[in-house]
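For reference, the structure discussed in these notes is given below.
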Amino acid sequence: MIEFRGVNKWFGPLHVLKDITLSVEPREVVVVCGPSGSGKSTLIRCINGLEATQDGDLVVDDKRVGDPATNMTLLRTEIGFVFQQFNLYPHKTALENVTLAPTHVRKTPRAEAEKAGRELLAKVGLADKFNAYPSELSGGQQQRVAIARCLGMRPKIMLFDEPTSALDPEMISEVLDVMIAVAEEGMTMMVVTHEMGFARRVAQRVVFMDQGAIVESGTPEEFFSAPRTDRSRAFLSKILRH
Amino acid sequence: MIEFRGVNKWFGPLHVLKDITLSVEPREVVVVCGPSGSGKSTLIRCINGLEATQDGDLVVDDKRVGDPATNMTLLRTEIGFVFQQFNLYPHKTALENVTLAPTHVRKTPRAEAEKAGRELLAKVGLADKFNAYPSELSGGQQQRVAIARCLGMRPKIMLFDEPTSALDPEMISEVLDVMIAVAEEGMTMMVVTHEMGFARRVAQRVVFMDQGAIVESGTPEEFFSAPRTDRSRAFLSKILRH
Amino acid sequence: MIWEQLQDLIRSYPLALRGLGMTVMLSLISLVLGTLLGFGLGVLRATGNRFISAAIGTWVDLIRGTPFLVQIFLIFFILPELGVELDAFTAGIIGLTNLAACFICEIVVAGIRAVPKGQIEAALASGLSLWQRMRQVVLPQAMRVVLPPLVGQYVLLIKDSSVVSAIGLTDLTRVGWLAVQRVPNGLLVFAIVGVGYFLVCYPLILLARRLERRMSAAHGEVKL
Amino acid sequence: MLENFSFRTIVEYLPLFGQGLVATVWLSLVSFVGALAVGIVLCAMNLQRGRLLQAPAKIYIDAIRATPLLVQLYFLYFGLPRLGIILPEFVVGILALALNSGAYLAEIIRAGILSISRGQVEAGVASGMTYVQRMRLVILPQAFRVTIPPLLGQAIVLVKDSALLSLISVAELTRAGQLLASDRFMPAEGFITTAACYLVLYYGLKGLAGLSEWWLGLRPMGSRA
Amino acid sequence: GTLDDITARGELRVAVQTQGPPFSMVDAAGARTGSAVELAELMATEMGVKITFLDFDWDGLIPALMSGKADLLVADMTPTLPRAMKVAFTKPFMFTGSTVFTKAGGKFGSTESCGAAGTKIAVLLGATGEKEAKKAFPEADIKSYKGGGPLLLDAVNNGQADCGVNDVSAVKGQSTAYPAGTFTIMPEMLSKEPLAFATRYDSQDLLIWMNLFLDQVALDGRLQTNLDYWVNSDDWKKDH
């Protein structure tokens, strides 16, 4: 479904992605972790073309990303992306946030899109917030709207970039619960997160990055119980200690 | 050292602090936790007068806060305050951030202030960052400078408002380590945090707030092992689950 | 003597009203056109390719960097040599519209740049096309930043419209010049002209201030 | 008018344009310094909580913004003598420009100060600084950086506004163009040369703005949070 | 030729100055009037076409003629030789000269007294008076104003200038707006100079026609009547 083959990327002189090779199968859930600045965000942002790669092949849903022949706008409709800072449209209500892309991109009739939007919002537990504006919602609620917004496009893949790290601690679980539900329905997912409980529960694979390279990759059990490199051990000790 | 007696506060119609009675002894470390919006920040911001109370008595270091006879500027020099967003002065280097208040408020001679500043920065593990500007420092480093900046005024009390919640997970421990060191030197501290490991390790008391009121207060052992109210149980289950 | 002069001035109120009418008319037409054009240029400049963006930038610099009087003269007196014959009113409208568009373009660009990058990325990620991103996501949010300075710019442009009198349009300022011939009291005459402009501009200033307060209330203003 | 465009005559008048340029530059410079002073005072008044100082500043700023500079200029030029104050034209001109631009600068400075995040103010308060210390050590240095681009924008406006001083017989750049137009009947030459001179000043100031931003870029600002 | 154009158009386009009484001005009702304006109207009548006035400041007057917006320029303009390099002047329609005026009762009582070093002398930018004043009073401080003769009177009246130098007929005409005896107008002239209308050199036919027109109206006395009413007396003041 997603395949990196020897992908490299530079920001000016900075080599942020080093020879990345990684493939994600349909219905697989992959968690990406690693220290700050290690290139996790860059990695998943490349998948829907928010960042351009400079070397290597990146094939998503059988289409080559960055190939002029690929219609990126079309490909993006197949990929949901959830941001750390939610990025809801502040001038639209929760329901409008969810229906905007379906009506304008998929050209779904408004009535139909609204019906689907209501169902999605109910599914993420916000049946009573259809007409609330983002500023009237808590962080956890906003992030759930953001997930519903992605689901509204019926994507084949969902990408999450630290979806819970801007949240107050008590709101983290409500978002994780929604993500777990989505994973259990069989969505292909790549999730940048430090929530190791989530990784243990639904991930088939954990990928550990450091300084732009994939240092280690394995099942959650392997990774948490027997990290193979010093760097991953040091990292785990820091984030699991408190 | 800090004594709330029946303190009330409103933001317009919103009753944010309800009849707070709480006293903190010298050298005591008190952790404040509770859901978002429960009034934790407001509570500690009242102590150095960043917010005004409307009812009740608040006595800090034997002076009544909000009393026209109290020189608040002077009282504030005795109270260090560490913010969630660090709030370092972006136009000053790390060392200048630490020496600014001592030279201008305490009128410490520059050379002396700089010497003390260097020692403090070394103490928080930033001996090599004297001349770095805040934007050149990671979040964890910035927060450690912010703590050094408070210590530079040799305060009698230190207040922390979620000092680690804006940090990347691997940076949290470096800040907590510094806070633990400060606590172990016998500083009087009030810390709003959800880092329960920190609470367990150094707090004499944990205060749980909900909807503007202190719902529960006790030693960390009591609080974590046997929370007495449903609200604190629900809260703990959420923040400890993942 | 002042009293007589005042009476003399009051007697020529039809002329003054005509001047006020001309100022309002010129400003109204060219501000509407200039706003439309300015938004178009601003969007092009913020999203267009480098070449278009640089071309618009150069034009805006040329217009901002030279006196408006010179621009008006070039339009009215030099364009005819290139075969474009314009009457004074049209030339005035064109000059003022162009000036307005250039200033508004800069305001719009700043507004678009103030929209957080995450908003554009969110729109990109859900597959909205360039036009949909602009129309649905960026412009509505940019308006919050654009509106207060836009209204402030209107006030400046209304005052700049007086320059157009140099090509023979009888606007408020020119009525002042005409009146000074008969009532040689510059202070009095131009104080009255000032009141005329004040009547047109002040409501706009109040509007700009209201908008600004609304926007900054939404962002939480700083207490010092 | 264009087919006989006479560069030779422009060259002949160049010394005059040079003098005009110099006059415009120094008139603008002095006026701008004055405007800064006016702006800072007005802004300080405007930021006070009490109405007593705030109201006059607000009224003044509105009155200036709502009326044309020309009217203000005449108000001073014809009005001051009635009060028995007779000043040289260029002083009146500088005064008018400073009082006019000052009102705009006051708003720019205020916006700059208000753009400083609340956390900065609170950090100052919490470390026991007085109002003046906070302003001097924390807020103004940061606000200054934010305001440089709009300040230079206002400087560009002021330079062009100084053309109005030719109305009260102050010899400056515009005047040089008018002389060429009326002595030799060469309006195209006169106005285009004048425009070119203003353009030089404009790009100069723009370059200065760019330079100051680059200079600020050297000193990092803005925390990562 | 231009005359054919005018006939074909049925319209004579004349550039006049917005403010320059008594030659060109606007009356209380907003209608354009004045000595030069009436002469231009007379020309249009003789041509059998209607007339359109384009009014400008001094700055706009010359470009209007040169760009072809106007067929001719009718103002109190002195045909200097450098100017004649660019436009074609008619025969003079009258002679005038620059004169000195001061505030009555002040310490500047004569033309000579204005020559003292540092005396502030108000003149109109680009007008002949500016050059004459510089020539006659090399020691004085010459201030050039833009915007019309009444400003000079105002400046002298307010004390911003000690003396003014301007066209004698303009001074006489404009000072009537003040209470009688406000100004002292010196009897002697700094210079004697002609006033003429102008057109473009490529309108030779119009130039010849205008010269003929001036000869005609001079012969039949219509020119004198006009000048007597507007320039040589205050008669027009009573009617306006």
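Letters A, B, C, D and E mark the chains as written, and numbering starts fresh at 1 in each.
The rule we apply is simple: a residue touches a chain if its C-beta (ideal position, glycine included) is under 8 Å from a C-beta of that chain, and two chains touch if they have at least 3 such contacts.
Per UniProt, the chains are A, B = Amino acid ABC transporter ATP-binding protein; C, D = Amino acid ABC transporter permease.
Remember, predicted model here, so these are calculated numbers, not experimental data.
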Query - Chains touching both subunit A and subunit E - result: C
**Report entry** Intersection of contact partners for subunit A and subunit C
**Finding:** none
Query - Farthest chain relative to subunit C (centres taken as mean CA coordinates) - result: B
Report summary line: Of all chains, the one whose CA centroid lies most distant from that of subunit A is E
Report summary line: Cα centroid separation, subunit D vs subunit E, in Å, comes to 37
**Report entry** Whole-Å gap between the CA centroids of subunit B and subunit C
**Finding:** 51
Requested in this report: Just give me the whole-number Å value for how far the CA centre of subunit C lies from that of subunit D.
Outcome: 19
Report task. Give me the residues of subunit B that touch two or more other chains. Result -> 138
**Report entry** Junction residues of subunit C - those touching two or more other chains
**Finding:** 69, 73, 77-78, 81, 185-186
Query - Multi-chain contact residues (two or more partners), subunit D - result: 1, 77-78, 82, 117, 187-188
Report task. Go ahead and list every pair of chains that touch. Result -> A-B, A-C, B-D, C-D, C-E, D-E
**Report entry** Touching residues on subunit D, where the partner in the complex is subunit E
**Finding:** 1, 77-78, 81-82, 86, 89, 166-169, 171, 175, 178-179, 181-188
Report summary line: Counting only contacts in the complex, subunit A reaches subunit C at residues 48, 50, 73-74, 76-77, 79-81, 83, 85, 87-91, 100-101, 104-105, 149-150, 153
Report summary line: The subunit E residues in contact with subunit C across the complex are 18-19, 21, 25-26, 28-30, 54-57, 59-60, 63-64, 66-69, 147-148, 150-151, 153-154, 157, 174, 177-179, 240
Query raised in the report: Which residues, counting only subunit E, touch subunit D once they are in their complex?
Result: 58-59, 62-63, 66-67, 80, 82-83, 85-87, 122, 125-126, 143-147, 154, 158-160
Query raised in the report: For subunit C, which residues count as touching subunit A in their complex?
Result: 116, 118-119, 121-129, 132, 136-137, 140-141
